[in-house]
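Common to both upcoming complexes is subunit A, partnered first by subunit B, then by subunit C.
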Partner chain A sequence: MTATAHDTTAPLLEFAGVSKWYGPVIAVNDVTVRLEPGITGLVGPNGAGKSTLIRLLTGQLRPSLGEVRVRGRRAWSAAAKSHIGYCADTDAFYEEMSGQAFVRTVARWHGFTGRELAARTAAALEQVGMADRASRPLASYSKGMRQRIKLAQALVHAPELLVLDEPLNGVDPLGREELVHVFTGLAARGTAVLLSSHILDEMDWLADRVLFLYRGRIIAAGSLPEIRQTLADHPLNIRISVDRPRELAARLLMVETVQAVQLAPGGDLLIQVHRPQECYRALAELICAGGFQVERLSATDVSAEAIFDYLMQTARRL
Partner chain B sequence: MDRISSGYRDWSGQLYPVGLTCWPIARTGVRLVLRRRLFWLLIAFSLLDFLFLFATIYIKAQINVHNPAVGKFVNEVLRSVTGSGETYRDFMFAQGTMTMLVLAFVGEMLVGGDYDRGGLTFYLSRRLGRRHYVVGKLLAISAIVALTTVVPALVLYAEYGFLTDSLTYFRENWRILLGIVGYGTLMAISLSLLLFALASWLNKTVPLVMSWACIFVLLPGLGEMLRKTYGDGRWRLLSFWGDIRLLGNWCFGSTTEREGRLVVWAVATVVAVWIVCAIAIVPRVRAVQVIR
Partner chain C sequence: MWRMLRSRQTWINALLLVLVLLAATAWSQHHARTAAHFVREVFLPIYVSFLLPIFSLCYASHAVAGERQEQTLGYLLATPLTRPVIYLAKWSAALALVLVWNLGGAAALGRIAGPAGWTCFVRFWPAVLWSSVAYGCLFHLFSVLFRRATVVSLVYALFLETFLGNVPGVIKRVAISYYTQCLVIAGGQDLGLGPAAGRDPALFVPLAGDTAQLVLWCVSGALFAAGMWVFCRREY
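Coming up: the complex of A and B.
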């Protein structure tokens, strides 16, 4: 096998009707999804099936039903696994090893030998900013340094798909910024990054798309604005800072899609609207016609956290 | 942007074949054990035996060549070092016992830790399968057994042959070579399967050492007690280490008549333990634990 033997015509990652049971417990329930280049967030409460989904796509588990394919190959095959770089959330290292030895060991498992082995190890360590500290034993590393080493071992074979399970846990703000820079750089170069995280704030600015998982099912998939639009039951909250708030409030109440208007203590208007796209058009017309001076206009509940809460409320009712 | 044009390094070299990825796993395991001070401490103790035998063989050979009269006296004094199968068998048994002790303490590092702290994920998410993982780990344990028993025994065998009657010794004692390899293989397979099975379930060093002690100390004692009570020698088969030694004797062709009657039973016991270990290992590698 050569390192470049990729079937680039097949989808990078495809779940087709995948279910996974552990005895009577269903962990993943009829999941059908394709992964595209860019950063995709995987979000869900504890027990939603995130770990199982990741283990299925990294070939550690076989589905009970359906198929997981990576570039057209079954996910548990060696050919499929060579496309994936996995950065696990577990901190199970061989503590006596140095960071460099650990990354080199993983590269060896991937089949690299000789000069290529050394070159790949050095490149991966350089990429995560650990080249100068790689000779120290893993036991002496801080949490952030361990995260970087885990990332280096996932990158060592230049995978097309990088799966990151809680990659920013324990990383200081500066290190977080550096790692995010690495993720976005990889995504810009065409690597698909799947990022599982319970810190929903990260998804707002990091993920191009988000998969929301609940009780083994994908309950929503897409960019955050796209998903927000589908939540018709939950009116969008908009905050506007404007020069004549009372006048605008009076006019807004005439708009059909506006459900409620409230004047906040600071003088801002808080509006609840249905069908946001229609409302934005009407709002723009009102502002232009009335000659209002708008200082700020923002939707306050399009964050991943707000959407996640809405989705959970909806899912629990089903 | 295209991956290659954006700075990604392309490479068209040959990767190590997937089927052979158990070798890097075994290599990693051996290197991890070699880093342990405890290993070197116990090996240093067992090496004293090796150095004693090595020096004795050398001295005996030199004296026999230069002064045959004194040589006869030395041969009489150092009767235990005769170059016969028993010499190597006893040496390997002593080395094996020390290795068995070492393995009890490195089981957590080699196998148990992978389960206890979720390290199995690092292996199974690579381009290697469960069987590569299992074979790699068994090879690592076997390699440690071979390094401490078979290799020094072979060195002594070669030394004895070259320093005494040269090729005649090898021609007449080929059975010893088979005995060394056979006994070594038996120990390697038995200890690796047993350690993997126990460590994959017990994970931690303390329960592992306690179980190890039960199998290698308590059971033989119980067997001896039952033998005395019921007067049936087959109770001795409860000693797994004794069974392996009995089969080692058989490999060297030095079983007594009484032992000869127990060989078939010993084979059955050892194979049964192998099968139980294999049955215990299968569910531990079939699926990664997700729900804890």
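Coming up: the complex of A and C.
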């Protein structure tokens, strides 16, 4: 039983015109965003304001302007914090404790006692795959095991919003897969997961939507395909493996949305297109009409990394 | 509280106490020692001026600042515990240890020093109690204000308390040890107590015992409230 009843009518997390500055330095600049269930990635270069944004929403900082609200309560307030599970990027623990004692301590701070305390602790440790190793002292854990314990303490009160700052750092590939399974499972059950990571590859397959942050501002928000479509300055690159590339190339040049066509050394066609949706329709018609045999068709720059690069180029020009 | 008790500070305190107890044992070998001698030669210069603030700062200054330095404060602040509750819990745990060390240390010192020492402990433990509370509140405030609170507290204890507490004039009234000495002197007038050895009584000008106690209570309350106010507003 948590100390605060959940007010499910108010938005889970809302930044309304939030700015935060330290003296003359603006860390977060007029951010307005709402978080939705599912996995949201938070991406930005060093100094973009990711940590400040996370510390604002976990109630460690107060905004200089605007408001951060969690289920209608100010994020700074104690009541808001019962909705949030926070897994920080720092590798800090009460080292003299065991993993189990640490998670139990955090559960007690969340107001759990007696059997529920034990049950919550056990469930959180089970969820991160540490149930059988939790009685060892934290100081003896590997980096990956410490990450899991950190995640367990964030999950122990079954929060509606899970904030993860670089959660996969130091976790081996198998453990990474297991933790990602935990994140996606939580998201599927309705938990909103905010995941800050500098490994952009993770965002491609993990995040339902991504917030790109640059110099304290959110410069793009949405799913990766949605954001990619807004980048009109950067035509979409498509690679096609087809049986008659030269013939298809000639026909593609007649399509209005195709900006350039190039024959790659391996025989694949590389095309640059504007308005991808229109182009995909025209391409499908051409392929059907010409009876082309397509082996592979893929967009080469819809990854989070490619979009991030494009956004950075655009932002630097502003 | 158990984390604090198992910390490095406990070992430092234990070492200092053992050294002082050894010195007190040596002092007690002299047959002509009286309670007044004990107060002037051991209790005021060694215990009140040195050990009392050191024992107090070891736990009180580490309570919040230690968590900041070890980067574990974030776990506490991310829970639904309100800031006043966190502050109160930290202060209570630190103060409990401060009182155990300060009163326990004074009792051990009194016992080791023989009848003269024990007489002093029985008579002056309230002075130790109230100055411990005042030091606890002061160093806990430092703990909330400074990341390196132990260093700041050490500088304060070794320089300001020792120096300002003994300078002539009214400036010494900013030092907690001055009020502790006033309480001891007021409580031991029938023992022939006055300012510590080598100090000109005309320059020390002690306050009445009731006034000194009232000042310590007020200072403790004000420092506690200031610490709470800062902790509730500060971003960590």
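The definition used in the following text is that the second predicted complex is superposed on the first by the 314 of 318 C-alpha atoms of A that agree within 3 Å, B and C clash if a C-alpha of one lies under 4 Å from a C-alpha of the other, contacts with A are read in each partner's own complex, and residues count from 1 in each chain.
As a working rule, contacts are C-beta pairs under 8 Å (C-beta built on N, C-alpha and C of every residue); 3 or more make two chains touch, one makes a residue touch a chain.
Being a predicted model, the structure only gives us computed values, none of them experimental.
Q: Following superposition onto subunit A, is the placement of subunit B relative to subunit C best described as a clash or a fit?
A: Result for subunit B and subunit C: clash.
Q: Which partner chains sit in contact with A:S82 here, subunit B, subunit C, both or neither? Use first/second/both/neither.
A: Both partners, subunit B and subunit C.
Q: A:A158 contacts which: subunit B (first), subunit C (second), both, neither?
A: Touch partner of A:A158: subunit B, not subunit C.
Q: Once the structures are superposed on A, label A:G290 by its partner contacts, choosing first (subunit B), second (subunit C), both or neither.
A: neither
Q: Once the structures are superposed on A, label A:G267 by its partner contacts, choosing first (subunit B), second (subunit C), both or neither.
A: It touches nothing on subunit B or subunit C.
Q: Per the contact definition in the header, classify A:G59: touching subunit B only (first), subunit C only (second), both, or neither.
A: both
Q: Quick one: name whichever of subunit B and subunit C touches more residues of subunit A.
A: B
Q: If you stack the two complexes on chain A, which partner ends up touching A:G17: first (subunit B), second (subunit C), both, or neither?
A: neither
Q: Between 5-13, 113-121 or 167-175, which subunit B stretch has C-alpha clashes with subunit C?
A: For subunit B, the listed stretch overlapping subunit C after superposition is 113-121.
Q: Going by the contact definition given at the top, which residues of subunit A touch subunit B in one complex and subunit C in the other?
A: 2-4, 58-61, 78-79, 81-82, 84, 86, 88, 90, 92-94, 96, 106, 109-111, 153
Q: Could you please specify the touching residues of subunit B with respect to subunit A in the complex?
A: Per the touch definition, subunit B meets subunit A at residues 1-3, 6-18, 21, 24-25, 27-28, 32, 35-36, 109, 113-114, 117-119, 121-129, 287-288, 290-291.
Q: For subunit C, which residues count as touching subunit A in their complex?
A: Checking each residue of subunit C against subunit A gives 3, 6, 70-72, 74-83, 235-236.
Q: Which residues, counting only subunit A, touch subunit B once they are in their complex?
A: Those in contact with subunit B are residues 1-4, 22, 25, 27, 51-52, 55, 58-61, 76, 78-79, 81-82, 84, 86, 88, 90-94, 96-97, 105-106, 108-113, 116, 123, 153, 158, 160, 188-191.
Q: Flag every residue of subunit A that touches subunit C in the complex, lowest number first.
A: Residues of subunit A touching subunit C: 2-4, 58-62, 78-79, 81-82, 84, 86, 88, 90, 92-94, 96, 106, 109-111, 153.
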